[in-house]
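Take a look at the following structure, please.
Lettered A, B and C in written order, each chain numbered from 1.
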Amino acid sequence: MKNLQKTYEVTQKVERLFEVTVTQTDFWEAVLYISTQTEFNTLSQIACADWIEEEHFLLTYILTTDARDKNLMLKLTLGREYESMPSVMTLFPQAEVMERDLHEMYGIGFEGNETLYDFVLEQWHDLPPLRREFDTLAFVHEHFAFKGGREDNKDVKVEQKRRREEAKKQKALEAAKQEAKKQETEKQETEKPKEPNTHATDAEETQDKKPDTKEAEDGQ
Amino acid sequence: MQKGFVAYNNEQKSLEAETEGIKNSQTLIQKAMNWFSARSMFVVAYGTGCGAIEMPPVFTSRYDIERLGVVGVATPRQADIMIVSGYCSLKTLRRVIRTYEQMSEPKYVIALGSCTINGGMYWDSYNTIKKLEEYIGVDMYVAGCMPRPEALIEGFVKLQESIRNNTIQPGYVKYREDYAYYQANQEKLLGKETQPVYEEDYAGMNLS
Amino acid sequence: MFIDLLIMLVMAYGFGFLYYGLYRNISARVHGRFGPSLAQSFYDSIKLFTKDTSTDFGWMFFAGPIIMASGAILTVLFIPYFNHGERLVGLSPYGNLIVVLYFMVLGPLGNALGVGSHGNPFGAMGITRGLTRLLGLEMPFYIAVVGLMIANESADIGTIMANQAETYNIIAHPLLFIAAFISFLGFLGKSPFDVVGAPQEVYSGPAVEFGGKFLALALSQSAIFSFAKLLLMVDLFLGGADSLWDLILKTFVLFVASVFVGNVYGRFTTAQSVDFLLKVPTVIAIVGLLFV
């Protein structure tokens, strides 16, 4: 860890997760240094995110220690136009499958990896399907036909959003009501002398309210 | 009989309606053959999707489908029935077709789960097929996501009934007679190589 | 004569499948299931005879099941059903125990021929296992049978049966019986010696490419063959049968004993079964041979 902090700028994300950002040219040097000189000597995953708006991929090599108690994210950005990376297979043999997967799903090349042929998709001639310019729906409608009976299906995400917003509104209303009631009871309390069973009545009231709110939500 | 479990809906009706006239034109031997093939079914269970998890209870002690004469076998050569349990990815479809073509006639297919009927919850996935019946002949749909073992058993019972009474035109007959249609569909989706090519993958390591 | 032969074959077919159905039923009860109907095996075999065959690997492939079936049929025809030497004795006057032992290995060899021609690796694996197991099976069985031949000074099954009129061989030569019974379990091909066609390991082994009619032939021959082995055991050790009921009772008792053994023990691996067969029953048989 100290070695690492001397050479690279390390930010701590959460308690056991650290992050180092490098550039594409420094990558090989960095991964060589980290895997040999520091405790993070095993590769557990290579993640990739497609930032189409900023025109780059964000590759994250997740390295871990022998004891599996700390993780290091080694981040770098990579151009989207079918660029290639040096393969880390010589350091971590398990990278073979991960790189093959990335090659197939995003079209990233890995120099030094000999196995970049068909993996999960067999004889796939289209765009790599996880690139965001690949239009899944258009592909589906081009290659498959549906039977009747799907006309009434709704776009799930839009519907979810709508429901969530309505639930929020409902909650706000409920909260306002409760506020009003509370103020009323407070008024009563100030007028009346204190009674031991006021808490109980409060609880009963809230219990009564709960099923009501549920019904209201279901009704939408 | 309660129609709740099996998708006794338009698809199934359209499968059955085509051939109501066949029943009467049968000889006694054909009837006996039908009876025997309904009474004894060897199943090759192709676990393509999540529906595969419902098949072990059907074949073991809990639901014990051996009562009905349904037995699992290990190879498609010996099988009469293939269960396609759930979504097929394009890669799986090649194997399904190959398995189907290895079975000897008379052979039947049970399609398990909504995914095989119309895409199910994977309707917008680029990698799973939507209608199984476009690629191989299907005899019985069991709808549900995923169907309970009881539903699968009822599917078997219905299939046995329809084989015994000869109320459906079997899928394999359609597949044989209409092979051009099925082949066109397969080739449209999978390209010319509708069968998996194992040698190429392993011998030619430098395909990239 | 020919009517006799026909009756013998039909009886072997019927009883073989009936016992196979019983086997399935009993194991189902052991698993806590209901199990199929008793006639299920008949349905299976008749259905398979009406099916198409979609495989073709040359004539050798087709010859395999036929040689197998003829091995089983010849075996059953050379074993007398009853011990008076009048009805249902088949061809046994023309051949003796040695011929029967010879025909008993014809089946697996024919099977190997057929399987060798289709080149499916699982089939080859299955047949290798089968032949390896056969190596272990034959040793104790042959020693036991040789012991009987020495004791009776004859290789004729009829004579051996007739000599048991007072005491059965199972009492006179118990050690020989135990050795023969263990290898008989192996010949039946049920667990613990079912390495050949284990569906989870070699995908039904030698039968992997057989479909339709040839599978039906293979199934029928195995039914006939298991009944032939039951008969042989009854003839050699239980004094043969006087009447039909006697026959049914004796074969049934032997059969049930083998079913229970099969349901209690798990499957041996190939090496284990050969090891076991060459050690335990062989030693028992040799010790038994000393007492003859």
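Methods note: a residue touches a chain if its C-beta (ideal position, glycine included) is under 8 Å from a C-beta of that chain, and two chains touch if they have at least 3 such contacts.
As the structure is a computational prediction, the values presented were derived from the model and not from experiment.
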- Message: Quick check for you: compute each chain's CA centroid and the global CA centroid, then name the chain with the smallest gap between them.
- Response: B
- Message: Tell me the chain pair with the top count of C-beta pairs in contact.
- Response: B-C
- Compute the distance, rounded to whole Å, between the mean C-alpha positions of chain A and chain B. 38
- Query: Just curious, how far off is chain C from chain A if you go by their C-alpha centres, in Å?
  - Reply: 63
- chain A partner contacts - residues on chain B that touch it in the complex: 11, 90-91, 94, 117-119, 123-127, 129-131, 134, 188-191, 193, 196, 201, 204-208
- Query: In their shared complex, at which residues does chain A touch chain B?
  - Reply: 103, 114-118, 120-123, 125, 129, 134, 136-137, 139-140, 143-147, 149-150, 153
- Touching residues on chain B, where the partner in the complex is chain C: 33, 36-37, 39-40, 42, 60-61, 64, 66-67, 69, 71, 73-75, 77-78, 80, 102-106
- Which positions of chain C touch chain B when the two form their complex? 24, 28, 31-37, 40, 43-44, 46-47, 50-55, 199-200, 203-204, 207-212, 215
